[in-house]
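Chain IDs A, B, C, D, E and F follow the sequence of writing; residue 1 opens each chain.
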Amino acid sequence: MELLTTNNVWMMVCTALVFFMHLGFSLLEVGLTRQKNAINILFKNVFIICAGLLTYAILGFNLMYPGSFLAGVIPDYFFDLFGLSAPVADGALDLAYNEGYTYWTDFLFQGMFAATAATIVSGAVAERIKLGSFMLFSVIYITIVYPIVGSWKWGGGFLDGLGFYDFAGSTLVHSVGGWGALIAIYLLGARLGKFGKDGQSHAIPGHNIPLATAGVFILWLGWFGFNGGSVLSADPSLTSITLVTTCLATAAGGISAFLVSTIAYKNYDLTMFLNGILGGLVGITAGADLMSPFDAVLIGLVAGGVIVFGVSLVDKLKLDDPVGAVAVHLACGIWGTLAVGTFGSMAGFDQFLTQLAGVGIIGAFCCISAFVILSIIKATMGLRMEEKEETEGLDAHEHGMDAYAEFGTVHDR
Amino acid sequence: MKKIEVIIRKSRFDEVKKALHETEVNFFSYWDVTGVGNEKQGHVYRGVSYSTSDIQRRKISLTVSDHNVESTLETILKAAHTGSVGDGKIFVTPVDEAYRIRTKEKGTDSLS
Amino acid sequence: MELLTTNNVWMMVCTALVFFMHLGFSLLEVGLTRQKNAINILFKNVFIICAGLLTYAILGFNLMYPGSFLAGVIPDYFFDLFGLSAPVADGALDLAYNEGYTYWTDFLFQGMFAATAATIVSGAVAERIKLGSFMLFSVIYITIVYPIVGSWKWGGGFLDGLGFYDFAGSTLVHSVGGWGALIAIYLLGARLGKFGKDGQSHAIPGHNIPLATAGVFILWLGWFGFNGGSVLSADPSLTSITLVTTCLATAAGGISAFLVSTIAYKNYDLTMFLNGILGGLVGITAGADLMSPFDAVLIGLVAGGVIVFGVSLVDKLKLDDPVGAVAVHLACGIWGTLAVGTFGSMAGFDQFLTQLAGVGIIGAFCCISAFVILSIIKATMGLRMEEKEETEGLDAHEHGMDAYAEFGTVHDR
Amino acid sequence: MELLTTNNVWMMVCTALVFFMHLGFSLLEVGLTRQKNAINILFKNVFIICAGLLTYAILGFNLMYPGSFLAGVIPDYFFDLFGLSAPVADGALDLAYNEGYTYWTDFLFQGMFAATAATIVSGAVAERIKLGSFMLFSVIYITIVYPIVGSWKWGGGFLDGLGFYDFAGSTLVHSVGGWGALIAIYLLGARLGKFGKDGQSHAIPGHNIPLATAGVFILWLGWFGFNGGSVLSADPSLTSITLVTTCLATAAGGISAFLVSTIAYKNYDLTMFLNGILGGLVGITAGADLMSPFDAVLIGLVAGGVIVFGVSLVDKLKLDDPVGAVAVHLACGIWGTLAVGTFGSMAGFDQFLTQLAGVGIIGAFCCISAFVILSIIKATMGLRMEEKEETEGLDAHEHGMDAYAEFGTVHDR
Amino acid sequence: MKKIEVIIRKSRFDEVKKALHETEVNFFSYWDVTGVGNEKQGHVYRGVSYSTSDIQRRKISLTVSDHNVESTLETILKAAHTGSVGDGKIFVTPVDEAYRIRTKEKGTDSLS
Amino acid sequence: MKKIEVIIRKSRFDEVKKALHETEVNFFSYWDVTGVGNEKQGHVYRGVSYSTSDIQRRKISLTVSDHNVESTLETILKAAHTGSVGDGKIFVTPVDEAYRIRTKEKGTDSLS
């Protein structure tokens, strides 16, 4: 009982921290984009956490943790699909749920995770997607795609059976979001003016770097809960080594992205430093409990490099990702998942292949799902704002509001 | 020499800039102003809908030699045009003298 | 002992989170008002938390938790009124205080709550009240009015005896602040330019919506402590269901305010969404430990509607509430308190009447107190800035400082 | 085991809070300086936390907690100097490390502290130091000077033997940073335009006071972990009294700085209020576990006065400290350390002398070290940006980026 | 046509705007400038009191037809007036030509 | 009376202001504009290096009486000068009339 209480306290603290990541994402995204779309970006982020929690309660949670599958792949969702299936009805609570924490804590912690996956997409598609279309897509993605993928590993599905390992979600959360982002920016096209007629890439600087920096600090803080809570108990040794590997990989990711980008571009680029920090965080997430501090530093160092080259690769592919979501969440998510087979206590060639298989299967499923959902939306409601609306700003057209009514308004039609 | 002052929609700015560059007018200054005119815009804030004629515009100021005035005006009139209320205005005013600070050149030499 | 330690850890975490709400309020208020008064608003918020803690230590805490009353109503404050009455003097600590947490944790947690009530008023009276008058009012309100009301229920007074239920303070904290705000904006009058000569309401847009959004996220985070800590222990089932109901009601409040305002005004209004989130938080606060997740969603949905209509009602009454404090804290506070009689495990007609009685009695007491205090201040020091000062900005006149010295200063006399 | 788990949870929460202080410092510093240097300031802060953690892992931690000394002064760093010396290699964790928390938690908590010392310097030298030189200095300072000083007391060195007391680091963290800041601003000289030819001091207002205010709230929040975690266990009575004294001293510090500066300058100066809050925090840090609430209030009241006069003294000495780091961290750090001999359960003349000795010895060591390191850097790489670069802004010259690309860029060469 | 450039206190702007509207002058542009002049203002920042003559002002620029100049000037002189140092200035300058971008109208027709 | 409009580097502003004060020109207005001209600047943002000729400048506008024009021009030409591309421009334009709003004074009396 005492231990359950302590575990539950830790899990609730972690839940609060993961919740707080949504502010981190909001500030990061709003800071790295333009003033004329700031309200729109905030709206999307606020929507995702609210809608995400509700849909996860209605459907996602029971879909993700089914324990039983049809053919080992499709979660067997004939029971308990709609609404939370509280262990005991009517307020009385079942403390026997497990040793780590209560059923309710579990739901809330997982719900916060679910909303994260859609937030990742939000940054990538910023400044040009229709609000309604985005809301529809993200609800479907959180409610169906994310939990099905999650069920394959965390819900005890076939990937779990295969031995695939993903501690806190480099693949199950970040890559799921990252693949969605990749498909979405491919289907949406780049923002007007991002690529010149000659194909040359233009910079579209973010309008508020101090807020973006605050967002990154908040995300790092949130990751104490994201990884620390994924231990699913307050086990002293596991939680504390997890926090140490998380922080060291993050620090290494930042320093490495800073050094690589300084060498590559002869310039102290703060946004690369910040992306490197996030890359380190995503990279360590799959194996945060398996690594020694030294392994963690190595994983972070590589992640920092992945970021710098990932960002420039996305650019070369003429894909437009204003916040670097694909490099951070997809590229580093893949790297982190593979790193489980390369470093730390599970390393080994077989494990590496299993990790690769997991990455591939989930990638294929996410890409196909995202492609189908987005294509249907594109064909029906349309995905992208009209050229005039995009030029004049989404805030003016979708919201009729200014983010900074007194610092030079941007309304103009 | 004439000073050409233009008030345009912010969203036409990139077009105007490109068009000016194409006519070899590569020097000007611009800043954001609020314009009051015939155009009205609807806003909503915490449940209050309102319409305002205070609309964000961009002002471009450039000084050209007399024989460039016509072509510059034409360029701008074309590039800034959308046809809806609120496209903006152009004002042409006389300039007595111009200096380039770097070289202390005077007159049309100082303009480019 | 182990359990006490765990409980105490949870309560300290919650205390920190409730403290952090003061940043949430600061950012929300500063974001929804104009640049020329930003320093003033920040000053008020910083003042309240500092002065609130000190006066609560000197007087409020002992007034609120007296255990004994004259005629059951007036806290019997002849003993131990001034200064904290540490259970054992001279540094040695009494751990026998109770099972949940230590005496000191209790004081600090309650002190953070106390300051919240005054902060609510701060937002409503922004941009026109004299700083000195506001500081005086808020000190009196925190030191006297809030603890007396609190003592009636949480201090074991007559409302507690009647069976009135208010888990974490929909009425005891939020409505207390909300009534104060209502009386204050009535006595102060609207900001210049808010209502036209024809009586038409004009919008005065806030100057920094990203900061306001950050404020709302921080408030939501803080509510993990506000409601979670009101369990007064780390009891796993109670704390975790409380967090679940809190988050679901909040999400529902946001979504509902967003939908209702989109239908009513044909526009995606972010500020309504944000107010809806806060409405959901306030609404669930009275019964967060009594509700099933489904009840919580219903309470939130109603709260979202209350917000949209509350904001417009306040406007129709020609009251000027820049941040929506009356709709959020008063209207949703009342709704939340009544919801205890309507939904959840205590629901019943008798309970509903008791809740109504509590709302009415406390409302009457707060209104009268606020009216008397503010009228005396108005008659002596004056409440409102002069017209010239208000036009030119409180920052210039009270502080001689700019919030953003380089983004277009606002000093101008 | 249960107790260890609980202690460890508390320590991890505190670690996260101390980490979050780095956002507080970032926002405070960026808010109190000019737009044209905002990227630079953020870069420095992001760098410090990343580099600080890595160097602390590589060298600092083992240097600081050696347990053995040469001649009682120089940490005996011949063993285990490089790399974390995990109690048991290869992932298996030693839970027998101590009763309070695991080895890893200890490392991470201490690592967050270490980075703090360098951050203090960062604010003082803002807007004119070369980025490369600052990074070099701060790495050396965190890796060598801070751990050596720390080892003298917390590592069981000679100051510990003398009976010197410094609970959470008024001297060991804040003064160490403060002395570094003092020497650095002396060697660097004032920002261009700070002092007129006539020697008159000019104000250089900060560009974003709302962010600075947010920074102060975040620092206060972080101090729950800074002081609360310095108990090194979750002991209910010690942790909770520590939080109470911390918060009361802080509140008193703020109110006192506000009152004193209002009297002195006839003006409600928010920045002084904020500095007063920080002064109260630093002041209570040395004896937070020894003081009664009343003592804490007194310490805070004095700290508030120290701030107001400290800021003006630094100015009179023609030293330029944009964020008030010397007044906050050095002056109040000294005051807090001496207060241990004046108030609370250890007060006494002998203790006072011991405290004074500690302040003096550490001050001398820090000044000499900082002077030597900075002088060498000055002679080789140079410390200060060129006049032209400083005028045009460090962001343009070191980073080629704008903090607010749309609110009036500041690039101009 | 004349261009009227006005520098006023920001706090008089609403009055001036209303007064202009009442005289049917519904078109102009404005932006914020910093003015240096006779007025001084005291500030305090972290214990340093200082006084500056750099004061935030609003600049209004409007072009009117010749016969409207007088009435517009009078309106502004009245509405912007407080009587204390720092009320601002009005400058009248010649305009050679004006265009409405939307319709390509020239001259006084383009102004309204 | 003449209106002198100056576009300078922001980093020269303090010098220019001081120099103007020394020649007893204590009244003017200024604001920030973006200038397009011969100067180019390199930036980097998330790995994309780019060069832009849109550079932040400061615009000063002041009206002086005819006999002050020369000295003011000289002062500015000197104080704003660095010799590198991008030092900016000065334009002199005619002013028909000037008013001081506070006193309703006209002409050169209104300027100081």
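In this text, a residue touches a chain if its C-beta (ideal position, glycine included) is under 8 Å from a C-beta of that chain, and two chains touch if they have at least 3 such contacts.
Protein identities per chain, from UniProt: A, C, D = Ammonium transporter; B, E, F = Transcriptional regulator.
Quantities reported herein were computed from a predicted structural model and do not represent experimental measurements.
Asker: Go through the assembly and pull out the chains touching chain C as well as chain F.
Answerer: A, B, D, E
Asker: Common contacts of chain E and chain F?
Answerer: Where chain E and chain F share a partner, that partner set is B, D.
Asker: Write down the chain pair in A-B, D-E or A-F that repeats the interface of C-E; the criterion is over half of the contact pairs matching by residue number.
Answerer: Answer for C-E: the repeating interface is A-B.
Asker: Go ahead and note the Å separation of the Cα centroids belonging to chain B and chain C.
Answerer: Taking the average C-alpha coordinate of chain B and of chain C, the gap between them is 50 Å.
Asker: Approximately how many whole Å separate the CA-defined centres of chain A and chain D?
Answerer: The separation of the two C-alpha centroids amounts to 33 Å.
Asker: Please report how many Å separate the Cα centroid of chain D from that of chain F, as a whole number.
Answerer: 44
Asker: From the C-alpha centre of chain B to that of chain F, how far is it in Å?
Answerer: Taking the average C-alpha coordinate of chain B and of chain F, the gap between them is 19 Å.
Asker: For chain E, write out the residues touching at least two other chains, lowest number first.
Answerer: 31-32, 34, 43-45, 57, 86, 93-94
Asker: What positions in chain D touch 2 or more of the other chains?
Answerer: 2, 6, 9, 13, 205-206, 208, 267, 269, 271, 399-401, 404, 407-408
Asker: Which chain pairs here would you call touching?
Answerer: A-B, A-C, A-D, A-F, B-C, B-E, B-F, C-D, C-E, D-E, D-F, E-F
Asker: Of all residues in chain C, which touch chain D in the complex?
Answerer: Residue positions touching the partner: 1-2, 4-6, 8-9, 12-13, 15-16, 19-20, 22-23, 26-27, 30, 38-39, 42-43, 46-47, 49-54, 57, 83-84, 86, 90-91, 93, 95, 101-105, 107-108, 111, 131, 208, 211, 398-407.
Asker: Give the list of chain E residues in touch with chain F in this complex.
Answerer: Against chain F, the touching part of chain E is residues 2, 7-8, 31-38, 53, 57, 59, 73, 76-77, 80-94.
Asker: So in the complex, which bits of chain B are touching chain C?
Answerer: Those in contact with chain C are residues 43-50.
Asker: Taking the touch rule as given, give the residues of chain C at its contact with chain E in the complex, in rising order.
Answerer: 193, 388, 391-392, 396, 399-401, 408-413
Asker: Could you please specify the touching residues of chain B with respect to chain F in the complex?
Answerer: 3, 17, 26-31, 61, 63, 93-102, 104, 110-112
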